[in-house]
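What follows is a set of structures for review.
The same subunit A turns up in both complexes below, where it pairs with subunit B and then with subunit C.
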Partner chain A sequence: MNFLKKLVPQVALAEAQLLSRSSIHTSAVCCRVQSGRYRITTKRNRPLTYEMANPPHFIGHRKSWNSWNTSTLEDGLRPSQTAIEDVFIRKFMTGTWHALVCSEVIIKRQHNTIRIAALIRQAITPRKMYFLIGYTEELLSYWMQCPVTLELQTVGDKNDVIFKYI
Partner chain B sequence: MSTGLTRVWERLPLKKQAAQSGIRVFSQQQPEIEDEEEFRVLNLRTVKQQFQRRREVRRDPVTPPRTNRMAVDQDWTAAWPAPRSFHPASVPLPLRQGFTERGAAAPSKFANAELMKIPNFLHLTPPAIRQQCEAIKKFCSPWPKGLETEAKWQRHFPVEVITTDYLQSLPTIRNLEARRVTISLKLSDLKFDAHARDKFLRLVGDRYNKDTDTVTFVTDRCPLRKQNYDYAMYLLTACYHESFVTEPWEASKSEADMEVYLFERNQSKIAAEGILNWSAKEGDNKISPPPAYAQCVEQLINEGENEYNLAKYKEEVKKMLNV
Partner chain C sequence: MFLSRHLRLLPRASIARSLGSSGAHYTTAASSNAAPAEEDSPFEIPNRIERTPTDILQALAGTVGRDHTAPHYKFHDDPFLIPMSNAAKRTYAMSKESGRKAAKWIKEEHRELFLHQEAQPAVEKFAPSMVYTENSEVDESSLQQLIAQSEVKDAVLVYNLLEQKGSPISADLKQSLLELVCFHNNQEPLPEEYIEERWFIQNNRRRDRHGKTWKDGDLAEKLYAEIEPKTPQAYASLIRGMAKYLQCERAYALLQEAGEKQIQLDTNTFNSIIEIVSYLKDTAEQRWQLCTELLQEMSQQKLRPNLGTLNAVLQCISTFGNFKLARSSALQVLPEFKQLGVNPSLGTYYYLLIIFCRERGPVSHVIVDILNDIAGKEFQIEHPKDTYFFATAMDVCRNHLNDKSLAKKVDELLHTGKNYDLVGDSFKESVYYRNYLALLCQTESIEDFMLTYDLLVPNIYIPEPGIMEEILRAIEINNAVEHVPRIWSDMVVFDHTHRESLLLSVLRIMVDNKPNAELPAQQQLPEQCAKVALDMYERVEEAMKRLRKVSFTGQMLGNILTLLVRGGNFEKASEVFAHIDKNQHRIPGTPAESALHEYVEASVQEKSPSQALAALQYAVENNMESSALAKLIHEGFTLNETHLAKLKTLVGESFLDK
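Right after this comes the complex of A and B.
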């Protein structure tokens, strides 16, 4: 209901202006935003990572971007293609490293190289991990037509990345 | 079925034959299944079953972070040679990042995705930069002699060419904006006569900046930078040479077409000469008005009447007429 509280003075002002002129009533715009925000549970047992604990309006203040590239700058080239590729890379990563990725997949582009960083759970043997690294790099670099590097960090337990419970 | 088959088999003479020849055609010693499978017991009452031990997953021991074994005086450029996302086990710094409520410690460097997001310059420490500069020094040539100061190199290279290179995080290195070429030069570096200068300024139009006395050509109509550069140089050359050409119609420029007042071709010159040569006879040398007077009349009409110009005009008239 916080957003309504913020809107109250604006709505009052708009209504005052309208009433003076006509009797047409307009409702306030529905500016409810939900994406990237999590509800508090009654038992306070929903685990959140640092990324989840900070809603999107804190990007650039408390947390930073998950995709780093020059396409989103002003007059950047092929922004749509880059966004679609990023979505694909994220899907491929979470699918290939199934139930192993503990954080968001961070995609950093420098010139023609793509560097992908993520937190991975130590649930499989290092040998399998090395295979998956090579597999992911090879396939993604074939699809993206540019060198892809995986820069992973492993965590022993998935509870290591939990920042707080709500 | 199998027993029936065996019976048929025994009756056959082949068996004896096979036994005699010593070839084992069919397995004769079939082991009988001794332990019969027990039926599963239907457990109606919940009886505590024996707890089945889960198979333990054998895990490889996780090696401790590399930072524990790092020497204090190690060569950091070897430990972190190239740009890379932050890795807590490789960086021996007690870093923390993240916003927490008041009083709580910020999240540590382990399992911290924020530290992996931000670009780091751990590969560009001052020793690394020094090392790389030393390595590429052998490709550098000394600065040319005679071009030490800006004044010197501007005398030798009067044309300034400005182009922009774009670095972008894309699979392509092409950028359309990189095709733009700007060339500029001081007008004082070109040699003109009065007519050519006037015509050149008319040709270039607003590409001439009066305050800095520079002419600037910006070209972007060709797809490549080289072509745009060539085009800009062509424009400069063509304008310069064209300004020296006097077309036949230029002679028909009347007083109404003049952009500035010129004393030489106006009535005031004739009037001043008439006054100065009032009592002169035929054949005497005509006295022409002094150049200071001419300049002051031009200034008065070109810049408009103001206090300074009028006072100066008065002075000059007095001087000329010896009043």
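Right after this comes the complex of A and C.
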């Protein structure tokens, strides 16, 4: 929220200007500078995945969206519920697959189905993975009240997903 | 994506046909619009075709078959998660289902968290189920609902509560509760949603066939006693329940009682009694007599027999020990039912197969007629025994007739339309493919067989060790050593490397069929065979340390030695020989003489006299033919003093003088 605090005087100024005379605000939007970007460490040892390495303005060019749904289109249904549910799904996934998820959790909604994709580390036996798959699909479908499918891919080592260090 | 590819591959006419069968009115409308000039006749709007909500999905699904290159869709499509053995297939599917059960348990345990309703209209299955306790407020409607959901335990609980409160229960409701309790024998059935558990359940045949499981004096009989006056439905449900859970004597007694009281029963009740005739009477003649009596009684009561009657009669006939009587009575029954207009189901054909194709009976070709009759037909489940047909038919093809073309016909029938749904469960499916592959590898050429093998293994069927042995035998007969590396890698994946007989036959094939280095196709083979041998050596050594299930024999090691020598891996070969030499008291048997011979030849080439002399010493110590080896060594090397002295002590002075 810090950036909002910094913005307050500017916003007040802009509003005052807007009220006094109509003009176009031409400076860059501050909130776009911060989100979805990672700070460079002094030792240059912060691992980034491909997804993390690309800042938000590359969405649609070099990388893709993490949530796929139509709720924010015109006449889209349940925009706020969808966002909250997506947060819940992400928390549920990273908690249930504890220390196993090596990527962002991608959530795709089509009709009444939710498909959840992620990269999982091969740290537990396939048998346990199948148990978790069945558990996650079923519990999430009880929660969302629609069919939920997991589409997981596994990686042998968590270093496999590291794209670069900054 | 797949659909469009599918459409592109089809010729134009068949596109129209395939679309026409699925979405007829759109296609016709489009094509008549396209050519209005040619036709003078006025445009006719075709009648609307009623569709169900899933028709489109089914039409789309109809364009996709089973993908042989991918695992079944219940498994995750990821190399790490694809099951590679029969045990893994079972474990993975069951663990997934067990995860489902865990989630369901959480839902029931923390029911207060799952009371929200997102879906419109609400989906009952997503909400926690109602819990009934001693103190719940219940009435008739809740009992009715529970019976409709076939929740046996809860229904019984609610019924008892209603009894305690003394509230009246209508006769209809009591009857439907009786039916529910009789059908499930007052036991909670396996929930419908656990399909994997059903698929992998071991059909315990012994329990199926013998032993009564009916609960005597339990709720069903109490309910029956409460119904006064006795209605035909009450009789029917109790008789059917008793017959289903093999309380045979009492079921039959009840039927007779109903007959004496002039109570009109229905066809299915008679069917259930005909099914258990074999438990009521001991000899074939008595059984047949009782069977005909029951059928006559049915005709007196003007009951029309149905498919169940036909199958029940055939089941009764199939238990006859007397082959001739069974055959003649089956042949008597069939035309009669045909006259009555009863269409046989796959279950009927299953019974015919087990009646006619007996192990000790004469060879019967009834399956040929059956297949001519039903080839290309699509079946739906009509009788519980319908799922037994394919496994039995393939068994007959292999063990009774040993006929490849018939087996192919059966397989074609299995893959017609939705017939694959009738394959039964995992056990029957594996019996089916076991027989199919065993038959093909005995009768087909090895190249043709390998095509089928590639198609089925490992995603659809994983051969058991017994079938692997058959396959190896076929390879041995056909001298097709080029397939061995592939089969070996499959054996490793399927975890067959602890079977000594399999290991021995793999080695035997590779040693006996020395690859011809001049053929370009076989140039890589010696090297590949050496790799297989080395892999086997390492695996067995590993397994000996851990499991102690398998152990080396001298012959096995000799074969490994030969293959390594042929593959040009002399270093490993001498390691293996050192192992033989060191543990010669522990290893039963000795390597073949030819193995030692080839090893010594190789050591001559590699110019390592000490290895050659070690081999010679081993041969002498184990009373094997040693003069040929000694000669080889003497001629192959220019030996120094120490080696020469050793050679002398081993085979004696006289040998060198010659």
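What we mean here is this: the second predicted complex is superposed on the first by the 133 of 166 C-alpha atoms of A that agree within 3 Å, B and C clash if a C-alpha of one lies under 4 Å from a C-alpha of the other, contacts with A are read in each partner's own complex, and residues count from 1 in each chain.
Everything that follows uses one rule, which is that contacts are C-beta pairs under 8 Å (C-beta built on N, C-alpha and C of every residue); 3 or more make two chains touch, one makes a residue touch a chain.
The structure presented is a predicted model; accordingly, all values stated were derived computationally and were not measured.
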Subject >> First, second, both or neither for A:Trp65, with subunit B first and subunit C second >> reply: first
**OP:** See if subunit A has more residues touched by subunit B or by subunit C, and give me that chain.
**Re:** B
Original post:
Of the partners subunit B and subunit C, which touch A:Leu77 in the superposed model: first, second, both, neither?
Top reply: first
**OP:** For A:Gln122, decide between first (touching subunit B), second (touching subunit C), both and neither.
**Re:** both
Original post:
Which holds for A:Gln145: it touches subunit B only (first), subunit C only (second), both, or neither?
Top reply: both
Original post:
In the superposed arrangement, which partner chain does A:Gln153 touch: subunit B (first), subunit C (second), both, or neither?
Top reply: both
Original post:
What is the contact status of A:Ile106 with respect to subunit B (first) and subunit C (second): first, second, both, or neither?
Top reply: first
**OP:** For A:Tyr165, decide between first (touching subunit B), second (touching subunit C), both and neither.
**Re:** neither
Subject >> Touched partner set for A:Phe131, first subunit B, second subunit C, both or neither >> reply: second
**OP:** For A:Tyr38, decide between first (touching subunit B), second (touching subunit C), both and neither.
**Re:** neither
**OP:** Could you give the residue numbers on subunit A that contact subunit B in one complex and subunit C in the other?
**Re:** 122, 126, 144-146, 153
**OP:** Please give the residue numbers of subunit C that touch subunit A in the complex, ascending.
**Re:** 76, 78-81, 83, 88, 91-93, 95-100, 102-104, 106-107, 114, 117-119, 122-123, 126
Original post:
What does subunit A use to touch subunit B in their complex?
Top reply: 49-51, 54, 58, 61-66, 68-71, 75-78, 82, 102-104, 106, 108-112, 115, 117, 119, 122, 125-126, 144-146, 151, 153, 155-156, 160-161, 163
**OP:** Could you please specify the touching residues of subunit A with respect to subunit C in the complex?
**Re:** 122, 126-139, 141-146, 150, 152-154
Subject >> Residues of subunit B that touch subunit A when the two form their complex >> reply: 59-60, 62, 83-85, 87-89, 98-99, 107, 110-114, 116-119, 167-173, 175, 177
